[in-house]
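So that you can tell them apart, the chains are marked A, B, C, D, E and F in the order they are listed, and the count of residues begins at 1 in each.
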Amino acid sequence: MSSDDLAVGLVGAAVAVALDEDLGVLGDITSLATIPEAALGIGKFVARTEGVLAGTAVTAEVYRQLDADVTVTWRVEDGDVLGVGDEFGRVSGRMRSILGGERTALNFLCHLSGVATQTRQFVEAAGGRVRILDTRKTLPGLRALEKAAVRAGGGYNHRASLSDALLIKDNHLVGLGVDKAVQAASDRWPGRTVEVECERPQQVAEAVEAGAGIVMLDNMSPALSGSITLETVKGYADAGPDLISTSAITQSAPAVDLGLDVEGDT
Amino acid sequence: MSSDDLAVGLVGAAVAVALDEDLGVLGDITSLATIPEAALGIGKFVARTEGVLAGTAVTAEVYRQLDADVTVTWRVEDGDVLGVGDEFGRVSGRMRSILGGERTALNFLCHLSGVATQTRQFVEAAGGRVRILDTRKTLPGLRALEKAAVRAGGGYNHRASLSDALLIKDNHLVGLGVDKAVQAASDRWPGRTVEVECERPQQVAEAVEAGAGIVMLDNMSPALSGSITLETVKGYADAGPDLISTSAITQSAPAVDLGLDVEGDT
Amino acid sequence: MSSDDLAVGLVGAAVAVALDEDLGVLGDITSLATIPEAALGIGKFVARTEGVLAGTAVTAEVYRQLDADVTVTWRVEDGDVLGVGDEFGRVSGRMRSILGGERTALNFLCHLSGVATQTRQFVEAAGGRVRILDTRKTLPGLRALEKAAVRAGGGYNHRASLSDALLIKDNHLVGLGVDKAVQAASDRWPGRTVEVECERPQQVAEAVEAGAGIVMLDNMSPALSGSITLETVKGYADAGPDLISTSAITQSAPAVDLGLDVEGDT
Amino acid sequence: MSSDDLAVGLVGAAVAVALDEDLGVLGDITSLATIPEAALGIGKFVARTEGVLAGTAVTAEVYRQLDADVTVTWRVEDGDVLGVGDEFGRVSGRMRSILGGERTALNFLCHLSGVATQTRQFVEAAGGRVRILDTRKTLPGLRALEKAAVRAGGGYNHRASLSDALLIKDNHLVGLGVDKAVQAASDRWPGRTVEVECERPQQVAEAVEAGAGIVMLDNMSPALSGSITLETVKGYADAGPDLISTSAITQSAPAVDLGLDVEGDT
Amino acid sequence: MSSDDLAVGLVGAAVAVALDEDLGVLGDITSLATIPEAALGIGKFVARTEGVLAGTAVTAEVYRQLDADVTVTWRVEDGDVLGVGDEFGRVSGRMRSILGGERTALNFLCHLSGVATQTRQFVEAAGGRVRILDTRKTLPGLRALEKAAVRAGGGYNHRASLSDALLIKDNHLVGLGVDKAVQAASDRWPGRTVEVECERPQQVAEAVEAGAGIVMLDNMSPALSGSITLETVKGYADAGPDLISTSAITQSAPAVDLGLDVEGDT
Amino acid sequence: MSSDDLAVGLVGAAVAVALDEDLGVLGDITSLATIPEAALGIGKFVARTEGVLAGTAVTAEVYRQLDADVTVTWRVEDGDVLGVGDEFGRVSGRMRSILGGERTALNFLCHLSGVATQTRQFVEAAGGRVRILDTRKTLPGLRALEKAAVRAGGGYNHRASLSDALLIKDNHLVGLGVDKAVQAASDRWPGRTVEVECERPQQVAEAVEAGAGIVMLDNMSPALSGSITLETVKGYADAGPDLISTSAITQSAPAVDLGLDVEGDT
């Protein structure tokens, strides 16, 4: 089991939507025509390329919703590294059900493993001490799952919604200085850490003085230009921050190529 | 308007989920503390990198659901090319509403424009005559929007669900040869084209003879190895197919960097 | 406006489901290919056969959800009689929207007008004094709309759900006599009328004596056999009941043939 | 099991809506007052008239959602013929649960069996070689289930949604001839069969020449007038088409009279 | 089991919403950090103050949705009296699941037991013969559960929705006298009892004469002023009505203090 | 407008559920029988007892969903004090719509104003410097609205969900000491304040030393016994904490008696 399997309860709706959009009104018309109703089968989840696995819990939920008699088992768990050709899980039951859920399951697995893999690469490229955080730049409807995949890849979660942390950006300073904004935020929401995103060095001192608990430096490292990539992250990390936050691990993570090898169960 | 704005009706649920996950129980607590309730503002959608735009209709829906008094206008439409620094749209109204929907709107726009951009690059790399098709390898819950973005990028849509076309793959041939499978499919679903995915050359002849309307060659071009990428697509195109189908344009399309520059409306 | 237009609020979900199942992932692909995005049109709702109209409010909701810029107007209202060829309403706006909602709108209109028409025929066949009531034998998901259509046709509504009235049938008498059952029901739910379905004459006396407020005779008229049909209803009515309840007006009402004549708006 | 039991996953929402509308806020108040909580019972599904069965999977889902401890078993399967008095299935468990789901279950079963029965009658009336297809004239919210019932009755499914096939009608020809419309459709959606509905003989030749894969003749048979009915279908079939499509099998199919005979389980 | 466990099917949606609002995007982040994934535990539901229990079925549903492997058992049932310190139920399984559902479960239990307790107090204060009824003054989204809790506390349910009973108030008499209103109501909805809320003594006679089945006296007892409270209810009861209806038992019922004592299961 | 009107977007689902449970299948049957369809009216929201207003935004949403042509206006805003007899808002439009939404609107208003009023009383009883916080002990499905009502009453929000803050309680210390638990929490979720609930004085020192940002004392004040009430809160406040958190302001807040005086609009 993965340490995120509580998420199963949360992602039922995401799975229902995904199955709906793939099964449509008639269901899997090709299988209805070519696969006998009683045929049983086994599907082996296999990695076609290397990667870090994520998404086992939501995959199990796909098959649970589609056909409660299908069995899904895993050889490894979220966060484990997959080598090319590794069989990492298995689904068995009615062949029509296995095929009917195949693409939905793989769409979750390939994307979420992509997020975990990209995260792991940033963690390794950054070289250890610093922590890699995600952002709210996630794909609509998939935030809970992507944030869990970031954790599976060795990363950490920055705030999950606008509701769960105070983060003052330039847009909040339209009529206020940093000090007034920090004061307003901690007055309104006592007991919460105030984080300030600073785009200029002088803002940092202001923010700290105003009582900000976290200062986020936005694209400000002097010797580096451009955004945070696998190539530049080490340079940022060497500048000594505690945390580096990047959207690259969620929004643009390439899918890992995972497949399902299906055979009849005779 | 975009040619896909009918999709607005379809994507209301996707927008509702996305707003829910970003606004949480308390809403945008930072803005509640720092932005006066009556403050008005303007947000300019600006491209930070080049790309092909997609997602204008769903963005309008984000603001419609959040605050019906916010106005969204576009200078260009889905499918148009954006240069660095181009302002392509504008949102105006209550500042809290503009900021409250910013991330949700951009998450849709950046991803969908990424899909359109990647599609355009494949279309151009393939060199004209051949058509680039998508697959069902889409991100769960976003299929309708991604398929529209593929069209915005100059691509075409392969089947949208298991329900809407017959596509016989190796997995359907467990107990049947290609000819029997094609026969079974066209018997069960009269009037529908049968497409056959062939992994070996001899299957092609079988499929055509059995009455397949479309033959899809899976990773079979003799002189090329590996999957379809921006580098290899021209080689595949030169082999003369009518259509090339690739998951690269949806599942692994990097986000386009689009932003919202916000200022007070005084 | 119809006297049932409050139902619009209630039927939003039914309309959303119906549009979803008809528009699918890609929407109306034929119109996307053949109708210019900017084309405007007018659709005239026309009766191909005679009938009693019902479903105007839900039809308006179909177009409101699909495209808020489409205008729907009615010349008549629910409960009015349509002659062959009568134009009874009109929809105008973007041609793609008119066509995209056509089938969903007509599916509601034709079925609900069928219910209203069938009800009217029973009312007329019964000959006046007696009232025709519906049952809970309705089509799943359409009960609110069908019950409104019964009213439009001149009928009355029997209970709308298991929650809203006491109706003791044979199945409730497993361990109790009629008197005990009526007593238990009025004890548990004080202030509610108890209705008893009687299959044998002696039950009627028992029920009345036990305090039943309504007695329903189930297939019991001595001179008549079979269920209530347009042919037999007069006979039942002549026996003198206040109310006659029949599932024929909802569950098996044939659709009225209504169409939409569409033309370009130039 | 039925060959359509995959549909269970798809119809969960339809069942939830149907149970909601029948149980209301208080549930089955009559049973709460008259049936002891611990009472067990058996319900036998019995045919009161002849018909072809459909809807077993959705019936099982009704009881699964209402009370997972209730057991539903079937003696026959979807598509089998029921004679008067035949017991075709059984539900056992808590008496209150059996009665609480009775009407919802029967509403699905009676309507869907009506669709299957009507389909079977058209198939038999048409006399064999020709295939009977449904249309999109289905009851809102019930399309997936009705299309499955059509298959159970020996019919075939025409397109399931606007999204899954190209069908050019007169309304799409506002500014285009048939040839241009066929061309536009196959250009926009490569690889899909284009079907053309023809109302005049000369359109047929045009459509075929333009590359239409299917030609649908709309009310055009010279010797016959009126629409397709059980009386006229043989005449149409004798004209030699491959497929006959009719809304009569879904939109106006009379319910089959099926009941549930309940007794205490002692 | 409680006599209201049929309600489980109905309240699935209420539970899903409640879990969603408490678990948010990341779930229980404190437990994820401090409780090992494999840790098992037992939670004992204990009364910290006296009260009447209600809500066992919805509590079981909370854990069923969160983690189907968690077991919930009850020592008593809805309607039983709890003394201070009484252990009345137990939940066992994965510690993270127990803690993740704790607050949601208790929020249901404490409020619903508050409703049952308040109801019991009114029943006892009224002194026996008269029956205590609830109203539609319930908390939004919780009506089914609150009405069941009223029954658990020994009370009875007045109408559950606007749809399920006729109740004429002053607002319905804008253009009609009581007699006309009663007539209109019983004409439109034959077979239903008409209840009239009377604010002045002369209305009572009118209502009875017009055929009202129930007369509700609104704040009209001559010797008493103010609304119905635990202190005044006996006075009202002594005036001899059959039923006393009060919103105090739902809308303002103080929560009963129930807790969950958790310990590791070693 | 209230500072919480962004919540309108969030509470659409809560309103839909509440209207559903009150309108049922048939809608407001009494008004359908007694109020002419075209009748217009005005409803004045009036305070029958004193209180602090909350819930204006959700009330507007009730009428928006029910009938978009109804107009709702407010004379005051959330957080303002209402005196007995004060008219604080008005709804005008079709009489049937006004009455159809009356109870749902008032159920929200009376409860949420009860929360705001109770909060105000605690704020005043505590005497100024200390801040009154809510808890997660809210009514299921109403958390966002109740938390906004707490703010309207002058209170502050403690964490809104398990996902948005770290709060270590005894239950998290099964295998860990306070120091290890604080360390584990801040390691796993960097940048977040760790709050520790202490039940014994020695835990406070441990928690502070371990790096806890907030220490919550649970029922620990030496000279006081029992929980926090309007009578005891001043004593707790005098002990000098920054924040006092209490469930009394949400879970057990008595409803404020607000009504709607309706008259015909002639």
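Quick note on the criterion: a contact is a pair of C-beta atoms (placed from the backbone, for glycine too) under 8 Å apart; a residue touches a chain by one contact, two chains touch by 3 or more.
Everything numeric here is computed off the predicted structure, so don't read it as measured data.
Engineer: Can you list every chain in contact with both chain B and chain E?
Structural biologist: Per touch definition, common to chain B and chain E: A, C, D, F.
Engineer: Can you name the chains that touch chain E as well as chain F?
Structural biologist: A, B, C, D
Engineer: Using C-alpha centroids, which chain lies at the maximum separation from chain F?
Structural biologist: With centres defined by C-alpha atoms, farthest from chain F sits D.
Engineer: Pick same or different for copies chain A and chain F, depending on whether their interface residues overlap by over half.
Structural biologist: same
Engineer: For chain A versus chain E, what separation do you get between their C-alpha means, in angstrom?
Structural biologist: So the centroids are 41 Å from each other.
Engineer: Using the average of all C-alpha atoms in each chain as its centre, how far is it in Å between chain A and chain C?
Structural biologist: 48
Engineer: Roughly how far is chain B from chain D, centre to centre by C-alpha average, rounded to an integer in Å?
Structural biologist: 33
Engineer: What's the distance between the Cα centroids of chain C and chain D, rounded to whole Å?
Structural biologist: Spacing between the chain centres: roughly 19 Å.
Engineer: Enumerate the residues of chain B that touch no fewer than two other chains.
Structural biologist: In chain B, the residues touching two or more other chains are 21, 23-28, 32, 100, 143-144, 157, 160-161, 163-165, 188-189, 192.
Engineer: How about chain B: which of its residues touch chain A in the complex?
Structural biologist: It comes out as residues 13-15, 17-18, 21-36, 39, 41, 95, 99-100, 102-104, 106-108, 110-111, 114, 136-144, 160-169, 171-176, 181, 184-185, 187-189, 192, 227, 247, 251-252, 254-255, 257, 262-264.
Engineer: Show which residues of chain F lie in contact with chain C when the two form their complex.
Structural biologist: 16, 19-20, 23-28, 32, 37, 65-67, 96-97, 100
Engineer: Under the definition above, what is the set of chain D residues touching chain F in their complex?
Structural biologist: So the residues of chain D in touch with chain F come to 21, 24-25.
Engineer: Can you tell me which positions in chain A touch chain F when the two form their complex?
Structural biologist: Where chain A meets chain F, its residues are 131, 133, 156-158, 160-161, 163-165, 188-193, 195, 213-214, 242-243.
Engineer: Residues of chain E touching chain D in their complex?
Structural biologist: 1, 3-4, 6-7, 9-10, 12, 143-144, 147, 157, 160-161, 163-164
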